[in-house]
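Note that the chains are named A, B, C, D and E in the order they appear, and that numbering of residues resets to 1 at the start of each chain.
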Amino acid sequence: MLELSDIRAGYADVQILNGVDLALRPATITTVIGPNGAGKSTLFRAIFGLIRVRSGSIRFGAEEITNEKPARLLARGIAYVPQGRNVVARLSVRHNLELGAVTLADQSLVAPRIEAVMDRFPALRQHQARKAGDLSGGQQKLLEIARALLLDPKLLLIDEPSIGLSPNLVRDVFKVLQGLRDAGVTVLMVEQNTKAALAISDDGLVLELGRARMHAPAAQLLADPAVGRLFLGAAIEG
Amino acid sequence: MRGHREAIGVAVVVAALIVAPLGQGNYIAYLLCSWLMLAIAAMGLNLTLGYAGRISLAQASFIGIGAYATSIVTLAHYPWVLGMAVGVVLCFVVGLLLGFPALRVRGHYLAFVTLAFNSLFFLVARNEDWLTGGTYGLSGMPRPRIGPVSTSGQLAFYYFTLAVALLAAVVLRLIVRSPWGRAFKALRENEVRAESLGLDVRRLTLLAFAIGSAYGGLAGAIEAPLVQYIDPGSFDVVQSLSLLLMVVVGGLGEFWGPVLGSAVAVLLPEALRVTAAYYLMLYAIAVILLMTRCPGGLIGLARRIAARPARRRGAAVS
Amino acid sequence: MRGFMPMRRAAVVAIAGALVAWHAPAQAQNNKTVLIPCVCELSGAGAVSGTNYRDGAHIAVNEINAAGGILGHKIVMHDYDTQTNPMVSRALVQKVVDAGAYVVMGTVYSGSTDVNMLVTEHAGVPQITGSEAPDITQKGDPYIFRTSSGSEKDIPALVDYFTQTLKVKKVAVEWVQNDFGKGGHDLFVQAIRKAGVQVVADVPSEQGQVDFSPDVAKIKQSGAQAVFVYVNEEEAARFLKEAKKQALTVPLVGDVTLTDQKVIELAGPAAEGAIAHVGLTVSAPVPSIQEFVAKFRKIYHHNTDHNGIKGYIGVYAIKYVTEMIGTFDRKAFAAKMHGLTLDAKKYPGMLLTTSWDKTGELSRESFMTQVKGGKAVVIATIPAN
Amino acid sequence: MAQFLQVLLSGLATGSIYALAAVGFSLVWQAAQAVNFAQGEFVMLPAFLVLIGEHWLHWPLWAALLFGFALSILLLGLAFKRLIVQPFGPDGGLPLVIATMALSILLKEAVKTFYGAEAEPFPSLLPNGTFHVGGAVVSVRDVLNLLAALAVVLLLTLFLDRTKTGRQMQAAAQNPGVAEILGVDVARMTLYAFLLNAALAAVASFLITPVYLAKFSNGESLGIVAFIAAIIGGFNRIRGALVGGLLIGVLDNLTATYVTLSYRAALPLVLLIAVILWRPQGLLGDEEARIV
Amino acid sequence: MTSPHLSVRGVFKRFGPVVAVNDVSFDVAHGEILGLIGPNGSGKSTLFNCILGQTAPDAGSVEVDGRRVTGSRACDLSLLGVGRTFQQLAVFPGLSVLDNIIFAAQEHRGGMLGRLFMRPDAGLTEEADRMIEFFRLGAVRNKLAGDISYGQRKLVDAAMAFMAGPRLVLLDEPAGGVNPTMLAELRERLLTYNREHGTTFVVIEHNMDFVMSLCGRIMALAEGRIIADGTPEEVRAEQTVIDSYLGG
């Protein structure tokens, strides 16, 4: 599915990723956990071509995609939902959705696909004419996820979806992600809310100081006390 | 060692400036006077913009305030020094006031506020005939006497201007080399950090405007007896824009930048006279090219050229 | 070292620049030429007037040189751009004086002439200006000469026109707030009040103003029986258009510009009926002027305004006066010109018979003109005063 | 009352012209963070391109207009972006401002040198004639100018809101980071903003030059008024530039009629300072937008 | 017991509906090194800003040495002997390293006008050189701060915070982006400085190894409240702290 080998990347003279290796199983949810500064967001930005990968290679299926532009990656079936608020506030909900499909070659597919995602997220249908900036934080996050689905991605990268959301909404978001996985989409997620995230995940990846320390079934990580200590400074062996 | 060589450099330039107009016509002396006058104003703007990082598009209005104050005082037969002092102090105070918007807004917004101020100054200078002579302006300002020596001759006035300009340059040099200079740069580079280290950002911002404006006033005090005629049109927004051009073309935040930039603005038309009507176009194209290729201005360009052979030498060694 | 390099470079550039400046004047006089530089407004606000003045002057120079020059000397005329900046104009006049100019042509804007005439006076070099502000000839400068009469000469004729021909009691004044407009405005208001006429609306406008509707609306409401319009060409055209739009039907009377060919071209039918006093006009019913206008058009492919004529006759005046004194003597030139009358029949380059008084002020026949059928026609001739 | 109506209507007509120049200025400012000090010259130049077509190339008016429009888009849109703005990268800062100032000198001087310093009449594209409204005389042309400006702003708003490309432009200007991850071609959208600005400048030029007359120095005051209008109205809103332009046109006339003639130019300046200091997002702008 | 160096009483701050700091009170003794930890969004930075006068708290007060400083400007705090570093790099890139460090103390010398007539370095070169030596920055002393490596800039940042001889320093993520070797160096320098000068430190840090080995006392924040306060060992063992990181 997605294979990273020995990825190194960073900003200016700071290297954040110091050789990350990773291979995702198709149609799974994998949660990346690790203390702040471990390089989780940077990892996503590197995969999605927003910062340059200095060395190493990224393969998607059989294709080499290292340092490809976002527009190309979208066309290959990778979508990315960054952390924070990423709706275009002054455009309506419907138009935000439509922006998710600008790279779609056959524009006649856009309308039916918007219908399809609105079926999945009835709240968006209800508010489709409102400005995206007027939605609540949770609704905005749903909108972003919905927007990422417009191209029918095979791989969804989602960064900290729970930030600023109430527990109920977090549950909703996670349910959506599970639904996607069941529909065959591979999900790679970064999440602070580690326990809840691992609970819905198939696999977990522990990132520390820009390196992948553990890659194991989520249940195994959940049970491992070392994971808890990791956040408080105890290094993980191996 | 570095200071030593720079001192030699300055001495050579000063010597060149002293002999420059000798044996030349009055024109050259006049041209050099207008250059030095503009250089003083540009140095002031460079303090506000280049060192302290706060833009002002109102420098011409301060030249105007200085020139009107000097004209009114000297036309009433008081000495030039008094007129100059009134002009400089007035500019300092008005500059202080103009600094207040800079505490609230930055960048383009500040540029437009100061530009609006300059336009308002123009309107006042044109409409208040009783004080400024309105559109007719003021004329016939006497040139200063220094003791028994009159500076009414072009050459004498040149040396007078040179002395004032050198004095202004020395004072500015002392300011920017004092702890204040470091504080101005700190203000430009990172205001929040500077404040956290004890800098009273508010007061220093106001001072940057006040001192820069006072230099404009000093330039005005030279312009009045130099041209012996002033009118509102000499101090409109276009003049402020061209001063900005001089400062940036010379090299923003470089001590000698404005001196070089104003020299280019004054002497280039002369050098390009062979191109007749095209000279302004050539100047404009040159400025666009300079800005796109080397935003650091002429001084930045000189640095780059100076650094290049050194690098090549370094490469040859390794 | 790093601090020093740019310093040295700064010095080199400055010195190089200065050296270039040095050499420019060096290539002047051999004994078969005479330097008559043209210093005028080739850019900035005065560019229209200045370029016409220059172009007119160059026509004269080429004609005179083709016919053998002045006393066998070819005229060398270089152009200097003041950028409509008094400070620059002073520098350039200083420069041409340093270079040995025989007579200086220019400048047109009074603000500049006010300043640079100090230089020619000091150096004793005659200067032929295109300025019309009153104070130019009131300073006792023996070296300044006009090429058209100052506004103080025109105003009495205009006041007479308002009081005797139009017989109005209330006038409005529309003027532009620059030295040209203010000069005319001040003189006119003073004189017309003295003549017992009330100024019911005094409306200043900005140079480059586009919307004249408040101006015209104010004048309309003031109940003025006639309007004195003293603005530059483009503004005159815009004012006339707005006046026509708002159906301002009282006579619109101006000085020089209002019936100018350019204004008619720009204002179109709105210019119909406008009246102006003109000292020198491209539409004067004089064959010599019409010939010149055609000549100008043929050479430059556009029409000139009266500034082109001013430049042309200025150069010819230099030729005639110099040939009268028989030598290139600046002092004798100035002395000869004071109180001189050049008859256009004998001196065709003057186009119209012209006299200068002791102050350098000029007088010659002038005209009241009115726009009729898209052309300014002379409705009255006012003798030289 | 008639007088009030008269100056009000004229002010609206003049203001509509300011608005057209201001709208394009806002577009470029938002899309590329570039303050264009040559904006006034951008409105001056297209009229001369038409005059060149008409008088030098002896083309019929419609061909000359087409020529002027196309060349404007090429020079003031494409070339301006590629040759002047682009080399500075995403944050041109002061050197970019200086470069646009130099560009304004270049355009002015080029027109003056190669075409001429004198004002030239420009063929009116709109019918002449006047009609009366409540005692005020209104020219058909003024009304059509105003309508044209409103129509252009309306069309532009429709384009930006109702077309996919327009919405992509909005996304690219408001949030380039998000636009990029959605695959929007941000560079292309920025280019569109420049092209639109050039087109708007050309339309403004063709509408106003019959009144302003074609002159090389026309842009000097117009450029500044456009900035003022854009800032007062709120530069992050197309409507803001429209309202700012109309407001200045009307206020200018009302000041001249009822308050002061000598200081008629002062009111917009005072308003500008007040808006910048107390409501920098402008009268209609909202705070969420990018600040320069 | 002596009075506390820094005393925070009932500080409360909300942004719209979000309560960022919820009634936080604590004291810091003279010479103590206090670490402030907590997951993202727990309110650490807001608390810092409230202490440092960057943000006005909605309620509560801050006292330094018994003097109420709530609402003071940052420059006044600096003159009171409170120094700080920033999470985002905060050096002056266009000034040399030496000038950066001299500047950090010059505003504490003489009056505003007096500084105009001082020697260009305000008599601080020697002291600055000692600081440069202390942070082992000698090799880059005359380079522009914009031209040196990230880690070196971090050291310059810290050197600036110490240069004015503050008695209380607030460090905002000093370890962020610093490589492991440089990190050990930084910790060692901070500890030495604390030992030699008795300076009080408050440190926000995510790098747990670093903060646990640096601080004598750790305070954990979650959702704007203090959830643990004690020695590193105690806090590390606290299940609520682990839970706060792992999420409910």
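The rule we apply is simple: a contact is a pair of C-beta atoms (placed from the backbone, for glycine too) under 8 Å apart; a residue touches a chain by one contact, two chains touch by 3 or more.
Owing to the predicted nature of the structure, the values given are computational and were not obtained by experimental measurement.
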Contact distance in steps, from chain C to chain E: 2
Where chain C and chain D overlap in contact partners, by chain label: B
Neighbouring chains shared between chain D and chain E, ordered by label: A, B
Longest centre-to-centre distance from chain A, chain (CA-based): C
Longest centre-to-centre distance from chain E, chain (CA-based): C
Chain B and chain D, separation of their C-alpha mean positions in angstrom: 33
Distance between chain centroids, defined by C-alpha means - chain B, chain C (Å): 34
Distance from chain E to chain B - Cα centre to Cα centre, in angstrom: 41
Centre-to-centre distance between chain B and chain A (centres being mean Cα positions), rounded to whole Å: 55
Multi-chain contact sites of chain D, meaning residues that touch two or more partners: 109, 220, 262, 265
Chains grouped in pairs wherever the two touch, ordered by label: A-D, A-E, B-C, B-D, B-E, C-D
Chain D residues touching chain C - in the complex, by the definition given at the top: 3, 6-7, 10-11, 13-14, 17, 109, 112, 116-119, 121, 130, 137, 139, 211-213, 215-217, 220-221, 249, 252-254, 256-257, 261-262, 264-265
Interfacial residue positions of chain D with respect to chain B in the complex: 35, 37, 83-84, 87-88, 93-99, 101-103, 105-106, 109-110, 113, 220, 224, 227-228, 231, 262-263, 265-266, 269-270, 272-273, 276-277, 280, 292
Parts of chain E lying in touch with chain A, wherever the complex brings them together: 18, 39-41, 149-150, 176-177, 180, 206-212, 235-236, 241-242, 245-248
Touching residues on chain B, where the partner in the complex is chain D: 49, 55, 101, 104-105, 107-109, 111-113, 115-117, 119-120, 123, 126-127, 237-238, 241, 244-245, 248-249, 252, 277-278, 280-281, 283-285, 287-288, 291-293, 295
Footprint of chain E on chain A - complex, ascending: 12-14, 16, 35-37, 162-164, 167, 191-197, 209, 227-229, 231-235
